[in-house]
């Protein structure tokens, strides 16, 4: 369960990225976060994983107050969520396999589990053949899928994906969405920031729209554009 | 920490050295260079100390005896002298020998002694060498209290000068080596800082995917350790071999002309290896630890 | 004019990214390059700007043989094309303004020109307010727009854009496409690799589809998917 | 290259030092540390040389005269001696003075001279000091050829020993300073390599947007230059001040006890600054040039 309670974030340069935002996401929900470029989507995600510090308000994840976490507890918070980063954040001196395996090493999974789990998840994102390549040897979309694989490999209870299909072709994007849908059906809460109107319109999930740091729409089974919007 | 995590650290530490070849080469060679500075200066200091000790050990004390003592008295005096603490060696010099020595020593001016040949004015004496020249005073006092002794003579002023000179040498070389060790430590830790800096992004990523501080730090510490170990190993090897050959060379070349000898290889090498190893390993570990910390606050 | 003549590229690890590809683009054309993730789109672009070396074949840009260029002539080739990189490639220790200005410094433009041109182009991509920010202070879409601004600032005769709207919302994407259209109308040749089927379908330009290193479609006024494709 | 491009290089060079604070601090302080090693050793070498020269200049030659020469002859001989090349100073010592000196010198053993007091067996003499002790032989020969001279005496063996000792000192300190300069050069260029390495991605981006090799390299070279200049400036300042005070301190403390004096500040500082400046600047520029080249092949 994710609860944002009146959160605000002003950056050091004075820019107000989030302005008193509140949002509740139940366990097992699938939520799209949409909004123009620079609206504040990534900022919400970064606040949730404590990459950024909140100015005011409260974030509860699985009923734990994120702002009150001690430094030593932050890793546990991050392990409880799988995050697909907008900028991928792959380790450049590790292969595809090692990058995904790293997320399992972090939780001190056994070698056996790693050897079983990693190839399976790489297969799911269509990268079986690329497992020995380094990130710089991959296409943009392939790198993005490594990031997706890494976020899912530990079977987190919350999956947060920031623009996970921006470098994928429509068919591959749809494959990934089917994957997300599947793990969502098995109970994973999903929050996905996206610009892909096709996907949003087709999935018919809850849509939260943010604009200039404010939530301006929250629809149960919404599309990318609000219904009363004129295009 | 599970054993397999420790294994992971070691694997990663080695892997990172292997994968970032340019950086590893640059940093290891900087570590070697810095340790080399320590090593060179350490060798100089040890040899200065060695030479000073050798000089100091050449200080001798002349004990002039009263005239006409019997052989038994002389030999019992010799034994008595040897029991005095601070005395290393005692050698009896009969007056005839003393005159001959003087003759030889004065060389060109020896003709001044010609008139003396009939009646040798020199007394019998003991030549006494000391274990610790700085205690010459006490030893001289103790010797004076023995009966049948005319005078105890030693170059008090010269000795003091020598002791002061060796003291200054020792202190200043110690000061300089301390400074140089600090400088080298600084260079090595800076080198490590730069290699860590070049990978600050990787560190933050590891934190972002849920690595604890210790988990992220582990491989870097192993890497720093390896850097220090490799560095001190190679430096020790190079300096050891270099010293071994040059000390042999100098020993063979200079013999007879001037008594320049380097400190024996065996006496020096173990403390050198210990010094380099400790410095290398310690800074490797501590340096990595501190450098990584800076980029982990994410 | 861009001419690819039977070009092939096999990477060091044995992967064949392009297989005997030929393509002619006239001056003033607007061409979309589409294809699944990993098809070889970015590889074509990297070969054109000599980031990668060709295995066989020939690339002519404005009638100059790219493969025969001396090392010292490569910068001139690169200046003749503006490139929007899939991974942005912004200079992290320069501000938005400085990043765009850098492309002009490189051609030794005068301070006066730089001071006139850079703010104008930043305005066109909607980043006037962000000119003093560093890349790490920008959202994903903002970074992408800096890369677009930099590619356009020198008014190159060829604009090559690799997935330039992957991090932009549909409206912003459309703004950018209008911009591209405008400079295309003024004579700039445009080659754009993209996954955005909306844009491709709406623009009705020439579409070249690549699959597994082979060109499988080249339509004058095509859509993202070929007409005989079944979806 | 347009002037404004040169300006751009300078602006960028400064800017990059300012913007990458962690890295600049680490690399400048490594440069300082490495230069400090050179400086310390340079000071030691200069002082060893200074002390050796001082020792050598104390070498003197005794010229013993035949008996009963008139004052005019003696003074004309003195003039003649002074014309010989290699002679620095000539001092006449009458026989009476010579005996007094001997008396004083022998100290405890002076009683041996007691019998001689009536008839002074010592000759008149000149004490000759030399400009270059290594030419003692030639000077001695030249002096011998002057009439009315009995003998020319100098510690030939001692002189040779001394010359050899100072030679060995000089050569070995030169060898060591050469090694240390190399080591420092190596450390500094490695440091620069690491800072460039940390920005290899930026370098490639500059090339990708159409920068020529020289355009990309310019700011780095300026930066390397600044690094070298800052480093050698700070090192010179620190060492200069340190040396100034410690040489004063040592001069005041030791006077009378032992003649330990450091080389005067003024004689040393200019060559030190020159050395550090050259090393710092040169490696800064060349090091940047070479390090950047590696990442420009894109």
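Observations
Labels for the chains are A, B, C and D, by order of writing; each one numbers its residues from 1.
Criterion: a contact is a pair of C-beta atoms (placed from the backbone, for glycine too) under 8 Å apart; a residue touches a chain by one contact, two chains touch by 3 or more.
All values reported here derive from a predicted model rather than from experimental measurement.
Among the other chains, the CA centroid farthest from that of subunit D is the one of A.
Chain centres here are Cα means. That of subunit A falls 67 Å from that of subunit D.
Between the CA-based centres of subunit C and subunit D the separation comes to 62 Å, rounded to the whole angstrom.
Separation between the centroids of subunit A and subunit C, computed from CA atoms only, is 28 Å. Multi-chain contact residues of subunit C (touching two or more other chains) are absent. The multi-chain contact residues of subunit B, meaning those touching 2 or more other chains, do not exist; every residue touches at most one other chain. A ring topology is adopted by the chain contact network, closed into one cycle in which each chain touches exactly two others.
By the definition given earlier, chain contacts exist for A-B, A-C, B-D, C-D.
Residues of subunit A that touch subunit B in their complex: 49, 51, 71-72, 75-76, 78-79, 83, 85, 89-93, 102-103, 105-108, 110-111, 150. Listed in rising order, the residues of subunit C touching subunit A in the complex are 11, 13, 34-38, 41-42, 86-87, 132-133, 137-142, 144-145, 162-163, 166-173, 195, 197-198, 224. Taken in their complex, subunit B has these residues touching subunit D: 22-23, 26-27, 29-30, 33-34, 36-37, 40, 44, 108, 111-113, 115-116, 121, 151, 153, 161, 164-165, 168, 176, 179-180, 183-184, 186-187, 190-191, 193-195, 197-198, 257-258, 260, 294. Contact residues of subunit B toward subunit A in the complex are 2, 4-5, 8, 15-16, 19-20, 202, 205-213, 215, 298.
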